[in-house]
Amino acid sequence: MARRLEEIVARFGGQLRGDGKIVITGLAPLQTATESELSFLAHPKYRRELARTRAAAVILAPEFAAACPVAAIVTPQPYLYFARVSQWLAPPPPEAGIHPSAVVESPLPASVSVGAHCWVGRDVEIGEGSILYAGVKVYPGCRIGRRVIIHAGAVIGADGFGFAQDGEAWVKIAQTGRVVIGDDVEIGANTTIDRGALDDTVIEEGVKLDNQIQIAHNVRIGRHTAIAGCVGIAGSSQIGARCTIGGGAIILGHLRLADGVHVSAGTLIAKSIATPGSYTGTVPAAAHEEWRKNFAHLRHLDALADRIRALEARLAELEKK
Amino acid sequence: MARRLEEIVARFGGQLRGDGKIVITGLAPLQTATESELSFLAHPKYRRELARTRAAAVILAPEFAAACPVAAIVTPQPYLYFARVSQWLAPPPPEAGIHPSAVVESPLPASVSVGAHCWVGRDVEIGEGSILYAGVKVYPGCRIGRRVIIHAGAVIGADGFGFAQDGEAWVKIAQTGRVVIGDDVEIGANTTIDRGALDDTVIEEGVKLDNQIQIAHNVRIGRHTAIAGCVGIAGSSQIGARCTIGGGAIILGHLRLADGVHVSAGTLIAKSIATPGSYTGTVPAAAHEEWRKNFAHLRHLDALADRIRALEARLAELEKK
Amino acid sequence: MARRLEEIVARFGGQLRGDGKIVITGLAPLQTATESELSFLAHPKYRRELARTRAAAVILAPEFAAACPVAAIVTPQPYLYFARVSQWLAPPPPEAGIHPSAVVESPLPASVSVGAHCWVGRDVEIGEGSILYAGVKVYPGCRIGRRVIIHAGAVIGADGFGFAQDGEAWVKIAQTGRVVIGDDVEIGANTTIDRGALDDTVIEEGVKLDNQIQIAHNVRIGRHTAIAGCVGIAGSSQIGARCTIGGGAIILGHLRLADGVHVSAGTLIAKSIATPGSYTGTVPAAAHEEWRKNFAHLRHLDALADRIRALEARLAELEKK
């Protein structure tokens, strides 16, 4: 997959500085790139690495072109440019077709790739060019868009967690909705997306889900939202478009998050959020002893507030005299 | 699966109001139900939807019967009634029998359903009518009750996490206990339940586990307890009967939770709980800047308390004069 | 697998007290051990159980030898001794060889055991004596050391979560690094370890990972570090050697944790840690009403601090007079 620098520029644009005949065999970070590797400067904080790089060439923004000691591709969005080149130079994706060990109970387009030991139940539709890695399970009736990538071990369409109480026991509510996934979605390894109870669970186009995410029944996730690993979203919540949710966050059920909401890692969201912006609710970690000393007071904040109120009253009394 | 309203009442009881000949083709929420769909009113807050519903009929409690604009099934527990009807109208469960791609090393009753790519190791027992969806793995020696439902990708009986320290290295402790699961348990997709170290890990009858839960070795979960997604329960803890544990909660090891304890989502339980009731330990999320301002003080609570104490002393001194 | 006590001492050392001819058929805790079972006293808090035990013999430290009512194996590290005996008495591990249902696209040593429905992609290397339980997936190009144990459903080498923004959409960055796992690592059920973006994700020798852990791309975990269930480690973070990380903890990306750092369960680490020791950042759980009363103040800590400051100023003013 070796390419000349000029081939890359011919394909992806940008302004070439230096020798276009240089052969590029791969991509690497500024610090470790060798003389046949292409690198990139995506953030000003790596400027120092630029001066010392031994890369064949660097993808960078116009303001850093002068400081580049080697050949360069100048472009206003170097990280995006790098992403596109990375796909072009990468090993090819899994071949289209159904692995002989997979169990597929629905007709699929020839362009779909289904890996070893996948299970695709009855009445499932999968769009052109989608890829299911090994051991993905898709329950009956689900709909998956085009160019969707689903990583190993993900489970699409298992029953939502719905029960009615009967004395001390629980009676299952049949989960008869579907999971509907839009085009260009990516789903990480061992992530689970439950089918809806009556209506569907919906993942809109362009959503990116990392590994080990749990999406409960009847959730809707808006287009181009990106969610990091280990997040849990409880039933019937609606996440807007273009949101980001940090790793390990928990979103309670029946909430609405507006478009453009950014939830910090490890944050529990217990109320709907109507205003775009960043939201956080985490505790700063400290050395264990320091934490113990400070957090003892957490359980007495109300008493602390009472004491402040009492002090204010007594002081006002004194001041009057 | 179309049924007349009178057939439903004949089977499940309740008081019919309106035309029993109406044909019901499915269930739907009040807002979206059409004229051949049965709906339900399970919570007073949806009362307004009742007035506007276009459902064929509504399952509801006696106090709402008069307000219902369409036919009704009147019952004291509408949500439970709905659950039972939902099962009756739902597509049939997976057929009994072992999928040819499954690897089953123990004899199982003919009524058990084992999905594609499941692995059931040696010396495993599974009770009548249980269902294993695709890709469930059951390690040797485990015991699974009757009518248990295990969703795709769940792992039952992997080794518990037990090691003894040998200098800087860890020496594995053989995990020779089993997982023992009672009747009528449901286990969600990609949930993991480890085998005991010496004794067993026990999930009592009627327990409901959502997706991606981790149950460590030698845990015991009491009957009819329900646990939401992404919960982790550390080794040797004992959860009582009829508890509920919210999504993403963490229960540390070697604890005992009484019967009827309800743990809020996202809460860490670090001590045993002897009294039934609800327990919470979460941080309210806020706009990021507001959070930053307030949480800076969290690391200085001890100093804040000292300042209040000093103020109290100085004020007492002044008041004496 | 019955063994005489003297055989155990001959193999693992320690000082035998009592009849070496006693036949041991298994291991059990002090409380439940029967007259053919070997037990152990690993912590002084179980001393009382020692007095009442009905075990055949007990593994214990010299200071408890005199108090032992039955035969004993005296050793300075009883828990470690127990670990070794447990392996010897345990059922044999899975047989070497590739299960016929596994899909293995790389040559492996004959001593490796690959369970049912595993997938091992192209250009994978696995060292002597490693064990993959059922349904493990190893993506192409990964390197796994010797005597590694990987439990069911784990996914090694799925794509890291890397995207560049293009307007409102996300463009995938090809993930072309590998996962490199050292010797004697153990990986729990349904744990996921992503391949690096350009460089590798590295798990050093002797690391122990529990179930449902998520390790993002380009993370490095130092030798003999042990991580409990449900932990998430974000991209490019480096965890030192001999660390322990408690269940459900979240480590943000691009951080460095020194050797010998211990992170408490449920703690979010948002900054690098340069000093060995224990770190905590959790909220103590309380009865729900108590929590509500106290935590209302959390959102007004800044105002509370302002009021204390105002009180101090007013009081100083009064004191001057």
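Letters A, B and C mark the chains as written, and numbering starts fresh at 1 in each.
Everything that follows uses one rule, which is that contacts are C-beta pairs under 8 Å (C-beta built on N, C-alpha and C of every residue); 3 or more make two chains touch, one makes a residue touch a chain.
As the structure is a computational prediction, the values presented were derived from the model and not from experiment.
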| item | value |
| --- | --- |
| Overall pattern in which the protein chains touch one another (line/ring/star/complete/other) | complete |
| Fitting subunit B to subunit C on CA atoms, where both chains share a sequence, rotation angle to nearest 5 degrees | 120 |
| Centre-to-centre distance between subunit B and subunit A (centres being mean Cα positions), rounded to whole Å | 25 |
| Sites on subunit A at which at least two other chains make contact | 101, 117, 135, 153, 190, 212, 230, 248, 282-284, 286, 295, 298, 304, 308, 311, 315, 318 |
| Interface residues, subunit B side, partner subunit C - complex | 101, 103, 117, 119, 135, 137, 139-140, 153, 155, 158-159, 161, 163-166, 168-174, 176, 190, 192, 194, 198-199, 212, 214, 216, 230, 232, 234, 248, 250, 252, 263-264, 267-271, 275, 277-284, 286, 290, 293-298, 304, 307-308, 311, 314-315, 318 |
| Subunit A-touching residues of subunit B, taken from the complex the two chains share | 26-29, 32, 77, 79-80, 82-84, 86-87, 89-91, 99, 101, 115-117, 133-135, 149, 151-153, 184, 186, 188-190, 206, 208, 210-212, 223-224, 226, 228-230, 241-242, 247-248, 265-266, 282-288, 291-292, 295, 298-302, 304-305, 308, 311-312, 315, 318-319 |
